[in-house]
Structures are given as C-alpha cells and as structure tokens.
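Quick notes on the structure that follows.
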Amino acid sequence: MRPNRLKQIWNEGRPVLNAWLSLPGAAAAEAMAAQGWDALTADAQHGLIGYDELVPILQAMRASEVTPLVRVPWNAPGDIMKALDAGAMGIICPMISTVAECEAFVQACRYPPLGYRSFGPSRPSMIYGADYAQHANAEILTFAMIETAEGLENVEAIVAVPGLDAVYIGPSDLSLSLGGEPRQDSDDPRILAAFDRILAACKAAGVRTGVHTNSPAYSKQMIARGFDLVTVGSDLRYLMGGRRDVLEMAKP
Amino acid sequence: MRPNRLKQIWNEGRPVLNAWLSLPGAAAAEAMAAQGWDALTADAQHGLIGYDELVPILQAMRASEVTPLVRVPWNAPGDIMKALDAGAMGIICPMISTVAECEAFVQACRYPPLGYRSFGPSRPSMIYGADYAQHANAEILTFAMIETAEGLENVEAIVAVPGLDAVYIGPSDLSLSLGGEPRQDSDDPRILAAFDRILAACKAAGVRTGVHTNSPAYSKQMIARGFDLVTVGSDLRYLMGGRRDVLEMAKP
Amino acid sequence: MRPNRLKQIWNEGRPVLNAWLSLPGAAAAEAMAAQGWDALTADAQHGLIGYDELVPILQAMRASEVTPLVRVPWNAPGDIMKALDAGAMGIICPMISTVAECEAFVQACRYPPLGYRSFGPSRPSMIYGADYAQHANAEILTFAMIETAEGLENVEAIVAVPGLDAVYIGPSDLSLSLGGEPRQDSDDPRILAAFDRILAACKAAGVRTGVHTNSPAYSKQMIARGFDLVTVGSDLRYLMGGRRDVLEMAKP
Amino acid sequence: MRPNRLKQIWNEGRPVLNAWLSLPGAAAAEAMAAQGWDALTADAQHGLIGYDELVPILQAMRASEVTPLVRVPWNAPGDIMKALDAGAMGIICPMISTVAECEAFVQACRYPPLGYRSFGPSRPSMIYGADYAQHANAEILTFAMIETAEGLENVEAIVAVPGLDAVYIGPSDLSLSLGGEPRQDSDDPRILAAFDRILAACKAAGVRTGVHTNSPAYSKQMIARGFDLVTVGSDLRYLMGGRRDVLEMAKP
Amino acid sequence: MRPNRLKQIWNEGRPVLNAWLSLPGAAAAEAMAAQGWDALTADAQHGLIGYDELVPILQAMRASEVTPLVRVPWNAPGDIMKALDAGAMGIICPMISTVAECEAFVQACRYPPLGYRSFGPSRPSMIYGADYAQHANAEILTFAMIETAEGLENVEAIVAVPGLDAVYIGPSDLSLSLGGEPRQDSDDPRILAAFDRILAACKAAGVRTGVHTNSPAYSKQMIARGFDLVTVGSDLRYLMGGRRDVLEMAKP
Amino acid sequence: MRPNRLKQIWNEGRPVLNAWLSLPGAAAAEAMAAQGWDALTADAQHGLIGYDELVPILQAMRASEVTPLVRVPWNAPGDIMKALDAGAMGIICPMISTVAECEAFVQACRYPPLGYRSFGPSRPSMIYGADYAQHANAEILTFAMIETAEGLENVEAIVAVPGLDAVYIGPSDLSLSLGGEPRQDSDDPRILAAFDRILAACKAAGVRTGVHTNSPAYSKQMIARGFDLVTVGSDLRYLMGGRRDVLEMAKP
C-alpha cells in the first residue's frame, strides 16, 4: 500500500499544508490539486459536496501528489465508511464532544479487531495497492474535531482514545460554543487559551493537531504555536478573490 | 439577511401556498419556481432527490421569489444541516413522534446556544447576506411532521418544544398509522378529528400548521379549517396530467 | 429487431399521439413515458437537452411502450448518428429547406448503400435485437421539418427524396419565415394554406405528416385535416399548469 | 403490483443468480441487466454509488426482467426507505449482529402496522402498479447480513425476527471478524462451519439464504451446500478481465 | 424582455468588466456571479464546459445582476442556437476570418427576417419575459472573434456585416497566426498595432470592442486604449492563486 | 511536455495495445485504465459518451500510465479541438474518404502555422506541462479512419497529407461500404486485401496503422500482418461476459 504522505511529512518534522474544497465538480478539484498542497480536504459537511460528487473529486486529485482527506457530514458509520471506500486517506469527523463519540468515530475507520469498519475496499485496493487491507488500519488518519465546550472539557480523555491520530479544531464552532462570535483567525484570548489546552493535551498523548485558518499569515502563527497541520487555502475563497479585482478595476 | 418571506406572509394573515418537488433536475425546479408559489419544497425523503441533486435545485429556484424548503430523508443531523447549508429557509422533518425527537430536530436547525447546528454557511452567507449567522436562528423555519399515532398522542407536548415553528401533517402516514388506508384529501372523520386536534394544539402553542393535499379544492377546505400552509401543487402530478390529454385525444 | 410501433399504428390507420420533452432529467422522462403516449420526442434542439442528458432520458423511457424520437440540434451528421446510436427510433431534423439538405439528413440515418451512417450500434443492438443492423434502414423513421418559406417552396421536391418517411411542421418557424408572428395553434389562413400544400405534397409522395401543436383541441383539428402525427403534450407545459392552480387558489 | 420474481424463482425450487453493481453510471447497469441475471444488486455500501447515482441505475435496469436489489450503506432508516422509494424490490442490510438491529432494519422496510416505513412510493406505484401500497409489505424482500462474530452467535434469534425474509453472508467481513483474512471463496473450515450454522438456522426458521462469491465455480458449490441465492458476477470484476487480455497479448 | 445590461453600461459610457468561466459546475459559477462583474462568459470553446454543464451554469448565475455570455465551440448553427435557447444574452464566436463566416454567425443569432435562428426560446421567455421573441434580435449581442491574420486583413469588411455588435480579440490566437508566441497581455508592437487597427475599424463602423486579458493592470491599459469590454478575471486563474499561498507558506 | 508514450512504444518496435471505452462514467474508465493497456480510446462517436462525460473520463484515467485517445463524433473542428483541450493525446477521426477531409482533420489538430487549431489548452498545460504549446503539434497523434470504399480508393493520397500520423481501420464500416456485412474479425479475402493495401500505402508513406478487433486472437493476427496498434479490449464487451457466467451457472 502507498504509505500515507502526511505521516511521512510529520516524521520529517514539517507541518502539513492543507487546502479546502467546498465546491462540487472534479475540474476545480483537479486544478486545486495541481497547486502543490500536501493535502486537500473535500468538505462533505459544510461544503456543497454529497457522495456522488465526492467520488469524481477524489478521482480527479489522484494524479497529483496531494493526500486526499474528507470531512464527513456527521459522525455516522455509513458516511465515514463510504468516504474511506471512495479513497480518503484520512477522515475529519465533526463535533466530537465525548470519549464515546470519539470511539465510535475511530472504530468506524478501523477493520477488526481494532474497529468495526466493513470490508470491501475496491477502489482503495485498485489505487493504493492490493495489500491495502493489511495496512489500512495503520495508514488511514483519524481527525476528531474538537469544537464544542463539552469537547474542550473532555479533550484530555478524548485524545487518549486508542486509534485517534489527530485533533482538528473548528474555530468558528468552538467560539460559538464558548459564547463568542463564529470567527476565524481569532485573537480572542479565550480561543487561544482553548487552542493551547488542546495542543498540550495532544502533545502529551502523542496525537497530532490541525486547525482551520483563513489566511497564510494566521496559518504561520498557528504553526509557530505548535500545530502539525494548517488549512491555508480554500477553493471558494480563491474564487471570491474576483471581488478584489472588480474593486481594483473600479479605482480611478 | 433576507427575511423569510413565509413569516411575512403569515404576519400579513395569508396562508402560504406551497408546491412539491419530487423530481431531480434543476430545469424542472426552475420552471416550477416561475409559477408564482410562495414556497417550493424539495422532497429529499420520498422524492427522487439526493443531496447532489438538491443543490442545483436550490440554485435554480433562487432567482424567483419563491421560498425554498426541504423535506429531509429522516431526523438525522447530517441530513438537516446539509440541507440548511445548501440554502433551505426551512426544514420539514418526517416522523416526529416524541418530544425528544422534536428537540433533536429543532436543535439541529439552531446555532448555539439554542441548538447544536455546526457553523459553516458558505452558500447561505453568499445568497442571503453576510449577517446570515446572526439571523439564521430567527429566520429558518422548523416544521415537525406529525404523522404517527404516537405523534398525535404527544402533539400537545411536541408543539411546546422551544424553537418549533410549525407542524406539517402527512395525511397518508397518519392514516396508515391510525389503521386506515394511506389516502390523501381524506374526508374520514377520524382523520379530520386528528387534524383538528393538531390545529388546536398548535394554535394554543402559537405554532403554525401545514398540510399536504392533492388538489386546490381540498387545499381551500384546509385553509378554511385553519391551516397556515397548504401544499397544493406537485411537479410529478402535473406531468401525470399528460394521461388526461391522452384520454381526451382518444375520445371520438 | 423490434419493429417500429409508429409504422404499425399508421398501418392500422390511426394517428400517432406524441408528447414533447424539453427538460433534462431521466425521472421526468420516465414519468412522461408512463402516461400512454405513442411516441415521446426528446427535443435536443430547443429543449435543454444535450447528448449526455439524452442518453439517460432514452434509457428511462425504454421500459414503457412508447417509441422514442429525437429532434436533433441541427442537420449535422454527428448529432444525427449519435442520437440513433443512443436508441432513437426516429429523427426529426430541423430546417430542411432544400433537396440537398434533405438528402444529407436522410442518408445520415441510413447504412450503406442507402446512406452514409457509420456502423457501431451497441445500445440499439442490445435493446432492439442483434439483427438491428439488418432492419434499421427500414425501421428508423426520418422526419424532415418544413418550417421555412424556402422549404415550403421546395416541398414537392423535398418529399420525393428517397428514404424520407415523414414531414414534421414547425408552425412557429414557418410563420416567422412567412412574415408572421411565431405562433402555435394558428388559424391564420396563410399558415393553414401552407399546411394543406404540405399535406397534399406528402400524400402524393406517400410520405407521412406530423405537426407541433399546443393543445389537444388543435391536435384534433389537425388529425381531421389529415396529419398522421400530432404533438399534443409537453413536459414543460404540464409543469406550467401550476400557475393555473396558483390563480385558482387566489380566487375568493 | 408486479410480484417479486425472486419469490417465484424460489417457489419453483431454483436458486437465484445475482450479480453485483459497484460502478455508478446507468449505462453499465443497463448492460449488466441485459445478460440474463435473476437479480442485480446495486451496492450502495462498498460500491461507488450514492443515492443520486442509484436512481438512474434502477431506471436503466427496469426494462430487463432482472429484479433490482440494493445493499444500503448502513442500517439507517433514511438510507433504507429512500432505496425502497427508488424502486428496490429488496434490501440487503449490512452488519446485523443483534435482534434489535434486525428488527430496526426489517421494520424500516414495512408499512404499519408491521413496521414504520413512511408512505410516499411515487416511483414504485408508477412502475409496479397502483396497488403497490397494499402488496409491498409482502413482496419486498429483506436480507440481513450476518457478517460478524456477534451476528453469528445470535443467528438463531436473528432469523426469528418477524418479517425477515433472508440472510445474506458477507464472507470477507465474517472472516475478519472471526480473526481470519478478509477472503472470498474461502475453504477455511471455520468459515464453512459458520456457513453451515447459518444455513441450518435459516432452514429451521424458514428464512432464505444468500452468499457473496467471486466465481461461478464457488457459486455452484454454495448452491450445492444449500444457499438459495448466490452472487456470481460483478461489473467491476468483468472490467478487470481486461488485465487477462493484456497478459494474453504479451505472450510470445 | 429584460434589457441587455451591457448595452446600458455602454450607453452610460462605461466599459464592461467581464470574467471568464472555464470550469464546469454550477456552484463555481454561482460564486463567480456574486463578485460584482458586469458579465460572465461561459467558455464552451476552450473551457471544460459542454452543453449539459452549460445549462446549470446559466441557471446558477441568474439570480445575480451579471449578464451571461457564452463563447461557443465553433461557428456552427447548432452550437450557437442552443446557447441562446439556454439563456445567453450574447454569443462570442471564435475564428471569424471572412465576411461570409461573420454573416453565418450573426444570422444564426437573429430570427427572420434578419437571420435564420430557429424559434423555440422556452427558457429565455420564462426568465427574460414573454415578449422575448419581439426583442431578442435587438437585445442579444453578437461578438465576432478576430484572431487570425486573415480576419485582421478583412476586419474592415467584417465589422460592416449587419447585425454584428462587437468584435472580441483573442490575443493568443492572433499572435500565433501572425507568427508569434501565443501570449496574453502582450506589449509586442505588432500585436498592439493589430489591436489599434481593429479598434479603428470598429469605431468607424459603430461596433463595440472587447479583449481577453490576464490581469487588472493590462485590462486598465486596454480600456485606456479604447476597448469597450475587458475580460479581467477567470475562475481557473483564481484557483491557481493557491500556488502563491503554498509558496508564501514555504518562506522562512 | 510529457512525451506521447505511443510514439515511444512504436520507436521501441512494439505494437500499441489499445482498449475501447463506450460507457460514460469515470469509475469504469478508472478501472479500465488500471489494467495495463498502452492506450485507452474514449469513443465519442458510437459510444454513449458526450463531451460532459468525456472530461471526467479523461480525468479518471490520468493517474494511470495509459495514453488517452478520443474518437470524435465526426470530422468537425469544434468536436476535435474540444477533445484535445480536454486532454486527448491523439484523435481518431471517423470517415476520412478524401484528401480534403484528411487535411481538414489534421489541421484542426495543429496550431498555426501547421493548422488552424485554436489556442487555449488550460487543462493540457496543467497536466502535461507549461510547454505544451511548443510541443503539442509534434506530440498529438492524428488517426484518420479509412472505412469507406472511397477512402480505400484514395488511401495512397490520403496518407500523404502532411501531419497525418496514422490510419485506423474500422472493419465494420469498411465491409458495409464494400457491399459486405458489418462484421468484425473478418477473414473475408476482400477485407484482408483492403487491409493489405492500406498497410502497404502507410508503410510507403511512413504512417502508422491501427485496426479495431474483437478479440486477442485476431489482434495477434493483425500484429503479425503489420499493424502498429490493435484495439483488443472493450468495456462493454467485458460487461457482457456476464452472459457467459449465467450460462455456466445454468449447466447441470
């Protein structure tokens, strides 16, 4: 099986640079995959991507070096296993607030005896190698999103769940849940304190950390703060760059 | 944020005229949206519409005045939140039989602290306004379907769930559950008595009411009976009007 | 090969009742095919149907008795042959104004030595029979649209082109070309005189006749006038029936 | 309502020959449906098929004699009911390990009072007959997959669940769960012993049995062993036959 | 009929700011349409957009103020008329090198007696008004691309073709045809001289001018040079902005 | 630019093993691409593949070593150039019967000054290299189909057209045109004599040769006869292998 590049990057001591796909359509995904990102995450939760659009998106990014991740709509076994069978090398699962939720998530990503993932990886075997079945449990990455007050409260216990590889922070939801505005790239001390608590818990447990950002500048700060993965780019945000050009044209 | 037109119509004392979409395909939806309905409901439960067909349907009706509703396949957080992020201004949730089910449904439609909807409304912010996050809890409509004997038994408690805006009756399921035939436009006294009980409970609780019908004539009766929303039209039923033309042609 | 039902209907002395598909989407086509029409025409000219939507439309109507026709975008060999290979049992070709245009059209529908259709009918052989190749030249129907002043002027010569099975009249284009309004269901004497000239030319040549209408009533008149095929119904017009229901609901 | 052909085949004492669809795309399904199988199962669990691809697949196989089954992604009411409303004549549900899971599955396939399936079968009524509602509970087949150690342990109780028509064995998952390799066409005595235990439990309970295989040869053995349905063919495996041709060409 | 906004902008003495769509997928088009451009051109020539992707793209941009243009694959009547019936308010036609080619193009966009466009504008009538037929000849814009040495040589005669509204320059093709590199945003004096010849011919004939650019800066130069429309933005180029972010992240 | 592998294979003195895609759907294409073929041809002429299905097919085969070819629907510039911009490394053009037709075809594949291909290769530049423009004329392969009596008569002149790389024989059409049955894998001496005439003309002109076959056995004969490319496999034929399995199962 082709090893998971993200693990290699981490082992080399580098942070993973991730970009985000919210748009359906394989052509946009193919173009995003050609830009040099370490990972691309197809967002099947808040993005406009359902399962039948997810498959061609994963196909279109396959020829590039990029590692495909999928954020699933919810912590539901069907969603998780279908994303894996479609070829995801890692799953980002939203709204993990308890140990039980984390166990349900992680075990959905693992074949017995480590979990209850059902067997039938036709596409992964074809594209990653006939020995996928033997190595998938070790190579597939599991990212639990900590983004609620309850999840923050339980973070030390959650990160101790066997098989959890990483925590991914959704800053907007976390901020909302803590009583703030749903902001990204926040410098609110409460949010940054929450980041630091999560970072500390993860380091102690040997679990990787990732965070959603809205700019390269904030991403750099987050790498400096200790995150192992930063989501820097976004298909939708790039398209919205057009507004800047319109305004530029309107200048005298 | 663009205010929810259905609330305005109700505030003006008028009933909402709704039509139903069972067919995938954005072109049919665009044509239906041009006919003057107050609301169009894309039926992702019994209609032939999955998430990847739902998105272009919602896009195609956007240029018309019509307010987009979605009936979700089931009371599942992933289904509900994805429909909202796709742009639904209201969710009709099937098979609400208990207070707990109703709370799970309603809170999936509300951001904290009122619920547990996850944040990331890219399309709604783009099409309804950048202040969507602040107003969504107030503008998004929640319709719980009362369509089981158990739901009927619990209706007074269900309609007291905070954040529930309306009840929508599915007459076929309700009739089946009460031991009858799965009929629409029924004049069975048991069914009409159930309607009246639901209407009374809703009026008492300040909750709106809607009902599925199969004809303008029955819709008019239901408005007279007190319903605030009637589903009058249906893409599939209109297409089946062709049979009438075939028979007309066959007349001597 | 399954014989062409339209030929059988004509041989039995009955007119063919046709309906029109302007919408992409296999589900709408399947519903239309279930209404009892003799023929359904997928309109790849003015309808919103390209080739990749045409194929599932033809698949979805296959289980019904209806005979599938396709109106091609233009008199172009690629368009015509692809529609036939997709399973059309007849082609309606727009804007045939000269004998040369008619010959180019008809021969694109016929295998050598009668024409220059290229061989490779994978789907037709699968669904109509392995002997499709032997019978296709006899069973596939060719409809030339006479809808220009020039076409009307040349109609007697056009209908003499070997291999032409029928003429189909596009009343809007014909009216426009003759200096009138693009109206359907016209009672303009000039239009009706043009119809009669075409009908007479076709009868004399043993060629069938069809006409586009906007209602069962006008269709009946056209059958009485002598047409062998009338287009009575339309998916788009049925959907627009919703407007009538909206108005009905608005009545006091 | 059109009776379920699989029941007729079983009543005639013949085994059902099933083939498997893992690929999205109606054209491949139409071609597979033309090969003479008794049943075709669209695999919405491990196959690359989501709901919006499932609908055209079911439409494309409708014109053939084949009986359409769907394996759903998970034991979730929304998935099951949507597959039935799309036209499935039977549901194969993965990972049934307990009586409670089996009851939840079976009752999702049955209208009240036998279950809690929601009513609205537009497409089934159109294609199977207007009396679908009256006969669906009797004609729709329910297949519970026994493919875990726990399911095997509970098999005698599971097959006693009212409304369960058949058990379908997933040999790879079963083998994994029992501590072996995820192999198909196994001759491992432990696996064959598990097969025999399931067969015996089913015979005793009057429940049919089916098994996934990877070849006609093993299928024949399984019929001899007592199975009522064998999955013999697979779209994906046929396409992979190309590799054999490549190797054949490379021979000197 | 809704008037063509581009004509209004020109009448107000402002240049039209256009952006380019090369990607299939309605969601990307909807996002681009929300950025404030005067016009969006769906490129069905070099973009990855066929007819069945073009329709939802045009639907998705309808709710914004933007005026939809389509560049057709070639000067072919079927391509042109289908784009117009899909809702294009203007057609950009590639490779117009002679008066005859220009006449064939322009007349394909005009109903008789000005041209030979076939009648059947179902979607345009629905979205632009029931009087579309009366005003379409006046409101639909025709852009002939001058992008060959031969076209440049004939430009004065081409722009005199009745019904031609504008010339659009494809700088890469023009440069290639003149023996240079296929460059955009060129400062090659031969190219700029060609621009000036075309501008002069158009001004003399009362024909508008547009040009493809690769940046706001060059667009501003071209407006200063006299162009009435500049293509400033591009969906694909915006997505490729990701590479800049990757490099930025890699900086120490 | 990535060099064309087929040229390399020929330079190494090996025949090219090609397989045929008639089915839409990227997943089938991806599976076919994984089997080890030198080339895969997406058949946009007789296959059920339009432009909007062609793009994801080409994307899905990109990660494999296979070289993508496209058979276009007809000798039309729009079809040819769109296939090239979608990423085809070679075009097979049907029905080339004259020198003029061959010139029109070949020049549509070549940038000036060798032809009139329009410039805008966004996807090819992204996937094959930024220097695509400089090398495309040399690397893109042009295959003219000789499949009519007239084409056979003119073959010596046709193969002398500058820029023609290869001839591809369509045996069914050729046989039909010569007055025979539309058979593949023919041993009719007239057909074999036609093959030999074409082979001889091509060898003399330094032009490569390819032929459509229906089996590895006949392919081997054709390689021995002198062909440089043989089409051995076919997605549709592999799926139809299911019939063999059905019959095998029916054996006692």
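Order of writing sets the chain letters: A, B, C, D, E and F. Residues in each chain are counted from 1.
One rule holds for everything that comes next: contacts are C-beta pairs under 8 Å (C-beta built on N, C-alpha and C of every residue); 3 or more make two chains touch, one makes a residue touch a chain.
None of these values were measured; they are calculated from a predicted model.
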Original post:
Can you list every chain in contact with both subunit B and subunit C?
Top reply: D, E
Subject >> Copy-to-copy rotation for subunit C and subunit F - C-alpha atoms, rounded to a multiple of 5° >> reply: 120
Original post:
What is the chain whose Cα centroid lies farthest from the Cα centroid of subunit F?
Top reply: B
**OP:** With residue numbering as the guide, point to the option in C-D, B-C or C-F that repeats E-F in over half of the contact pairs.
**Re:** C-F
**OP:** Provide the C-alpha centroid distance between subunit A and subunit E, rounded to the nearest whole angstrom.
**Re:** 39
Original post:
Per the centroid of Cα atoms for each chain, what is the distance between subunit B and subunit D, given in Å?
Top reply: 34
**OP:** Provide the list of subunit E residues touching at least two other chains, using ranges where the numbers run on.
**Re:** 24, 27, 31, 34, 48, 50-52, 55, 76, 79, 123, 236
**OP:** Could you draw the chains as nodes, link the ones that touch, and say if you get a line, ring, star, complete or other?
**Re:** other
Subject >> Touching pairs - complete list by chain label >> reply: A-B, A-D, A-E, A-F, B-C, B-D, B-E, C-D, C-E, C-F, D-F, E-F
**OP:** Quick one: which bits of subunit A touch subunit F in the complex? Just the residue numbers, please.
**Re:** 26-27, 30-31, 34, 55-56, 59-60, 62-63, 123, 126-127
Original post:
Which part of subunit D faces subunit A closely enough to touch in the complex?
Top reply: 22, 24, 43, 45-48, 50-53, 72-74, 76, 79, 94-95, 147-148, 170, 172-173, 176-177, 179, 181-182, 236
Original post:
In the complex of these two chains, what residues of subunit F are touching subunit D?
Top reply: 17, 19, 23-25, 27-28, 31-32, 34-37, 48, 216, 219-220, 230, 232-233, 235-236, 238-243, 245-249
Subject >> subunit A-touching residues of subunit B, taken from the complex the two chains share >> reply: 50-52, 54-55, 76-79, 81-82, 85-86, 111-113, 116, 118-123, 133
